[in-house]
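In what follows, chain A forms one complex with chain B and a second complex with chain C.
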Partner chain A sequence: MVVFRTAPYGGIYSFEGLENVLIMGAYDQDVSVLFIDDGVLAIKKGMDNSGTGIKDFSPTFRALEAYDIEKIYIDRASMEVRGVSLEDLVIEPEVIEADAVEKMMEEQKNFFMF
Partner chain B sequence: MLHLVNKSPFESMSFEDCLKYAVKGSSILFYEDGIYGAMPGTAIDDRMASVVSDYKVYVLKEDMMLRGIDKIMDGITEVDYAGFVGLVEENKTASW
Partner chain C sequence: MEGPYQHEASDSAYQFTKAALAKGHEILRVFFYQDGVLNSNKLMDPQADDRHIRKQWSALAIENNIDFIVCVAAAKRRGINDTVTAEGFKIGGLGMLTELAIEADRLVEFRA
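Moving on to the complex of A and B:
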């Protein structure tokens, strides 16, 4: 499972996480993706880099489906804290509760945190 | 005094640390991941409402655009890079 837990441009983590997911997908690994904490902000719609010139990698999240990566989850509480709803996002992950996140921590084999 | 905050208030204590020492009436500018503090409808809405009444709060437009944030709380002033430079010219600064 690849976990996105940081905002997209304050550091390189989010971008690196996306690269890792795509590489795993390219090698047909059984990969799940989870957005928690500030990670929910990584897939915000409407990013506009015209003022900064920094590469906007948010459209690439839409390619996950093309890589047959379908197990994509987002933590409801993290969204609520930040006032984010599904309509605000470039992809539509399955919204899950904190207890489901805990369960994943038990069940998943490996975690890659970004 | 101009206080510069570039960390997300949801992941870092730097904004709260800034508020502990910032004199009321001084200025606070959110940039980079600090701009998430200016979003309306979050868990820190009430906290921000009191901050906005006690301080002059600014947010850097270009960093909001990059992050896809197009709404800001009432009472917060949007500035562009030129406005940022203007504020730095007029004030002593502290980066949190």
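Moving on to the complex of A and C:
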């Protein structure tokens, strides 16, 4: 499972996380992706980072589908606290509750935290 | 992994690797990623009364013949290439981290 838990652009983590997911997809692995905490902001639509000089990688999350990565989840409480709804996102993850997050984490072989 | 000295992550990773080997575990590979690539810099020259993180790693890699891989994309961003990496370190791709996740029983990540 690859876990996105930090906001994009302020740090390199979400970009590195995305690169990791894409590589895993190329290796045909059974990858789950979770957006939680500030990580829910990594896939927000309409971010304008043109003034920052940092590559705009948010739209690249749409490529996950092309890599057959379908297990994409987002934590409901993290969305609510940050006022994020599904319409605000560049992809459509499945919204899950904290207990489902916990259960899913128990089933994973490896974690990659970003 | 994080960069050396700024956080304890490099030290923890080193101590963990050493302890795991001492307990008879097999370490398939150590993957240096993000600022962690700076662990491989042979120009590292800390003050004499401090630990030398890069030298510790090099000794561990050579003594135990372990694959120490420095992520190429992360390295290039930070001015690290094979003229800068010290003995025991090799430049490699991110796919080698995925391979680790597939092959190893456990993958342990060291972060700040």
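To be clear about the criterion, the second predicted complex is superposed on the first by the 114 of 114 C-alpha atoms of A that agree within 3 Å, B and C clash if a C-alpha of one lies under 4 Å from a C-alpha of the other, contacts with A are read in each partner's own complex, and residues count from 1 in each chain.
The rule is short, and it goes like this: a residue touches a chain if its C-beta (ideal position, glycine included) is under 8 Å from a C-beta of that chain, and two chains touch if they have at least 3 such contacts.
Quick caveat: nothing in here was measured; it's all calculated off a predicted structure.
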item	value
Room on chain A for both chain B and chain C (clash or fit)	fit
Per-residue contact with chain A, leading partner among chain C and chain B	B
First, second, both or neither for A:112, with chain B first and chain C second	second
First, second, both or neither for A:67, with chain B first and chain C second	neither
First (chain B), second (chain C), both or neither touched by A:12	second
Touching partner for A:81 - first (chain B), second (chain C), both, neither	first
Which of chain B and chain C A:48 touches, first, second, both or neither	first
Contacts of A:24 with chain B and chain C, given as first, second, both or neither	second
Chain B versus chain C - smallest C-alpha distance in the overlay, whole Å	14
Overlap of chain C and chain B interfaces on chain A (superposed complexes)	none
Parts of chain B lying in touch with chain A, wherever the complex brings them together	6-8, 10-11, 32-33, 36, 39-43, 61-63, 65-70, 80-81
Residue numbers on chain A that touch chain C, as the complex places them	12-13, 16, 19-20, 23-24, 26-27, 29, 109-113
Touching residues on chain A, where the partner in the complex is chain B	6-10, 37-38, 41, 44-52, 54, 56, 58, 80-83, 88
Residues on chain C engaged by chain A in the complex (per definition of touch)	33-34, 73-74, 94-95, 97-99, 101-102, 107, 109, 111
